[in-house]
Amino acid sequence: MRQDANSSVKVAWLSALLATLMFASPARADAPLNYLTSHSDRADAVLHLTWGVMGISVVVMAAIGVLLTVSIWRRPGLAEPQPGMRLAVGPREGGLSWLWIGVGVSGLALLATVVWTVDVLAGLAEPAEGAPFTIEVTGHQWWWHVRYLSDDPSRIFTTANEIHIPTGVPVRFKLASGDVIHSFWVPALSGKTDLIPGQTNELWLEARDAGTYRGQCAEYCGIEHARMGLIVVAQSPAAFRTWWDHQLQSPAPPPDASAMQSFDMRCGSCHAVRGTAASGVLGPDLSHLMQRKTIAAGLLANTERNRLHWIDDPQAIKPGSLMPAPELTPHELAVIDGYLETLR
Amino acid sequence: MSDAAIRPHAELPVGAIGSRASGWWAMIFTIFTEGSLFAYLLFSYYYIAAQPHLPGTFPQGGVPSLALALPNTIVLLISSGFVAWAQTGVERNDKKRLALGLLIGCLLGIVFLIVQYFEWAGKSFPLASSPYSSLYFVVTGFHMAHVVVGVLVLAALWFWSRRGYFNNVRFAHVHIGAIYWHFVDAVWIAVFFTFYITPLLGLGA
Amino acid sequence: MSSITDYERMPDVAEAERRGLAQEMQRLWETGPGVRGWLSTVDHKEIGLRYIVTAFAFLIAGGVEALIFRLQLAGPNEHLLTPEQYDQLFTVHGMTMIFLYAGPVLSGFSNYLWPLLLGARDMALPRLNALSYWIYLCAGVFLYAAFAIGFGPNDGWFNYVPLAARAFNGGPNIDFYALGMILLGISTTVGAINFIVTFLRMRAPGMTINRVPILIWGTLTASAANVFAIPAVSLAFFLLWMDRNLGTHFFDTAAGGQALLWQHLFWMFGHPWVYAIVLPAMGMVSDGLPVFCRRPLVGAPAVALATVATMVLGFGVWVHHMFATGLPTISLSFFSAASIIIALPSAVGVFAWLATIWTGRPVFTTAFLFFASFILLFTIGGVSGFMTGSLPVDWQLTDTYFVVAHIHYVLIGINVFPVAGAIYFWFPKFTGRMLDERLGRWNFWLMFAGFNIGFFPMHIAGLLGMPRRIYTYADGMGWDWVNLTITAGSFVFAFGVLLLIANVVRSVKAGRFAGANPWDAPTLEWATSSPPPPYNFVVIPTVGGAHPLWEDRLGTEGETSHTRAGLVLDHGREAIGTTPVDAEPNVILKMPGDSLSPLCLALAATALFVGLLLLAWWLVALSLLGIGASILVWLWPRARLGETAGGAHV
């Protein structure tokens, strides 16, 4: 008997979850920013809680919907109201038991949610142990400045818009802003944390599985907020180590020195390339650009065609972007892109 | 129909009697909303004060001097006293006392404004120099604007009382104006405490 | 009666039908003719209707804006709008719906209905009522003027700094927004004070505190909240305006100002405001739904208490809008728990409404359909709010379309649907004619279907990671079909709203005549003719229970209500004032006549804000003089109103 009750509760829960899944699941696989899948232990707890509160919500919606529908068609009155018509009840009106039961059940569900929430929070509030290093992310309109910190100054380097982390360990992030409020969000790994000028926020990211995870600015930050994306690449600790070492190197000098000069002159006051005269800080650091999967803050795949198009007329691609059209001749354009292609 | 169920038990006052006026209630709630405004202003002060500051920047120029502010606070309190004296005067149908109390209250309000002017002029920093300067001038400025309104209210009441408009039954205007003035004075205590006393207690240093 | 000082009087008692009484009342209370009369009226019914019509004009504007940007979002990489156009559209849409429609439309209903529900002749402060409307209109025009000349607000309706600071937004867009919002705040505040004073003073004799309709509780609680909350946002906008124009550093992070101070001030206001724009609407359902269930509301006192409790708790949850700002987890947990628990009073309402239908005999009118469907929409908006209340979950949900879905289920589900129901319910009272029920069914089903097709998928867009406030999105994000559905649904919904407006326009002239009480409803507004005369009630009703017109059938014990006979107050415009709790008559109020002062004051106040916008100090000074003069004329003691020692009655 008791088992029956138990299983019927289970069935109710499962069908509620199923209903939600029906909406979300088919699409989930193709939506890189969805947060119904998680790839870290820290995110798992949140995900379970999310499914839990969503399950409660679906059950409540369904229950109220059914009660409402039945109550409406259970005992209909007249088609048209008439003056002086009979009322449905007399002096002893009744119906109060609904309040006691309804509010009681709701109260229990709410209380349980509070307890579960606080429990999950307690787990998250603990600073992750064993964070081997810190990444400093500074939000800018509309790109991400990324700096890898280390106790050894020679191992510090700067990059942009693409963050690599090793799998299996929590990495500490220090989040700040260079202008307005942004929000750092990599849905598959963690919830949002704002980047606020004048303060530094902390976040731990951890990826269980190697892979490429999309991120996005989540706080409206002006005209190109829509296109302030980022990428997190999680790789095995060994591969990550190799990657870091490589980032520390200056790119090999290009065969054509004049190309580098063109770049320095036309681009170098905003962009930097490690180990060269180009040392601007207004735009993303471009050292090792060719290793990045995207350009323009996650907007375009890093292909020759896209690069040429972007450099030639950024305003056509990302209107309002702070990168001006440099008004290059086709020749200059080709030369500069040729130089960029050497930044491996 | 039973008249008894409908008719009041006694004769009813007609129009505003004493302070029993809709306007009096409206003023009470105006004071609630204005009081909230000052609460939010002071919240802003404490919020910014609680952040880390470089030494000497909060309060800018060191702890503010009480030399003018303290006597000025007393001026405002005395002014409130005279207005209260005028209020009890009109309740006793003493129209001379009403007019005199309002006049003195109003003049003391003007004295407060003049002293505040010198207090402002003595500051070594302008409005736009820092968060502290912004807070200082805007909060005390908000209060000064309220004092100006209060002085005008007292002046109008004085003028009306000189025309013989009020007596021991019809004095709602007086009480409505006076309660505003008492509120302006009470708010000053909070502003004074925040800007002049809390730095002495070590806030923001 | 003589013109000698008349400090006390025993009012007459008479039958409403007494010969000549109605004509005398008409003469005393009728608004003067012509344009002057139109501009100077203080009749709460006139003002209420103006509020509703103006709010609907803004609803249409805001809706059209939304339809335009929904076209932009219908598919990936659309180029219908530039990013700047999109940003202005979504910001102005939010500003319009939240500030210029949702609050004012409820003020309109409350203005019209309060004195009728309370058995009163007018609001306590009729001229303040007129002022509140005029300033609302001026503020709306002021804010839309910005949009019309291409400088509409463009940083989102909550306008975070430092994005809204001069350094990142150099145009006049935000100056318009800041000043317009302060102006609008004045309107809301004086309106709120008026409701509170009316509640305390103007209830018919016998309407003790437990006999007050729920709508009154809704508006009262909202008004009390506004009194305390509006200063926060007005101050925030004023400080921002100072930062932008006078070089102060409140929010200037480069100089030690605080970006989060804005968020605290904004949401200390913002969250109570959300309740302020739904509680009166829930009150309308609580009063309207039972009429069509043919029974009193189940647990009415509990619902009234829950209304108040929601508002009180509503002041303690503002931080849930700031869960991702990096505040300490301990304090966030507190706000998270509060944000979940706040659902409890809402549950009281939901089960009270459900029980009312369950134990009643529902009559299927269009109004009933809107009210009943509201329960479901309220539940959906409620549970999505409950989800975002859970802090770790919110870290994912916040700033995605899930929150967009939530806010629309709240604002459309709990404001627009009850308002539509209220129009069907009270239109006969407003105009003396019925709305068309057949058109009404089409209207309801299109709105209901369109709304759910258009807005439910937003939850899914959110779960699939679509951030809010993006002007476009790339393909391959998995959001294409869901956005197309949303756009299609929103057009269906818009068409439904169009049918509502068409029904109103058609029925004003051609609707079937309604009697005084076409729905056989129990409250006092149905005791007078439709539309009501300027004085509302020939004689003052006396109230013996919560359902004065159903007493014969409910079989009340003890006191009975009287609507056909009552106090006669005919020495000029007079109303009865009663005690705040027991509603014992304690004063005969002298009510002001029509006046141009409110309009003058509103215009002078608007000129002041124009002066501040242009930094034209001469205009500021001139406006201040105008404001002072208007107030002085307004408040000048009058013998006719019994305000001077000269005599109470002439």
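Just a few scattered comments:
Chains: A, B and C, in written order; residue numbering restarts at 1 for each.
As a working rule, a residue touches a chain if its C-beta (ideal position, glycine included) is under 8 Å from a C-beta of that chain, and two chains touch if they have at least 3 such contacts.
Note that the coordinates shown come from a computational prediction; the quantities given were computed from them, not determined experimentally.
Taken together, the touching pairs link the chains end to end in a line with two free ends.
Among the chains, the centre nearest to the mean of all shown protein C-alpha atoms is found for C.
Inter-chain spacing, taken between the CA centroids of subunit A and subunit B, is 51 Å.
Note: centroid distance subunit B to subunit C, computed from Cα atoms, is 31 Å.
If you average the Cα atoms of subunit A and of subunit C, the two centres end up 36 Å apart. For subunit C, residues that reach two or more other chains under the stated contact definition are 256-258. Looking at the complex, you find that subunit A touches subunit C at residues 23-24, 27-28, 30-36, 45-46, 49-50, 53-54, 56-57, 60-61, 64-65, 67-68, 70-72, 74-91, 93-96, 98-99, 101-103, 106-107, 110, 113-114, 116-118, 120-121, 124-125, 141, 175, 179-181, 183, 185, 187, 190-194, 196-199, 201-202, 216-226, 299, 319-320. Subunit C contributes residues 6-11, 13, 15, 124-125, 128, 189, 192-194, 196-197, 200-201, 205, 227-232, 234-235, 239, 242-243, 246-250, 252, 255-258, 261, 264-265, 268, 542, 544, 559-560, 562, 564-567, 571, 576-577, 584-590, 628, 632, 635, 637, 641-646, 648-649 to its touches with subunit B in the complex. On the side of subunit C, the complex with subunit A involves touching residues 82-84, 87, 155-156, 160, 162-163, 168, 253-254, 256-260, 291-296, 298-299, 302, 324-326, 329, 332-333, 336-337, 340-341, 343-344, 347-348, 350-352, 354-365, 372, 375-376, 379-380, 383-384, 386-387, 390-396, 398-400, 459-460, 463-474, 476-479, 481-482, 515, 517-520, 550, 553-557.
If you check the complex, the residues on subunit B that touch subunit C are 1, 3, 5-8, 10-17, 20, 22-23, 25-26, 29-30, 32-34, 36-37, 39-41, 43-44, 47-48, 51, 53, 57, 127-128, 130-131, 133-135, 138, 152, 156, 160, 164-167, 169-170, 172-173.
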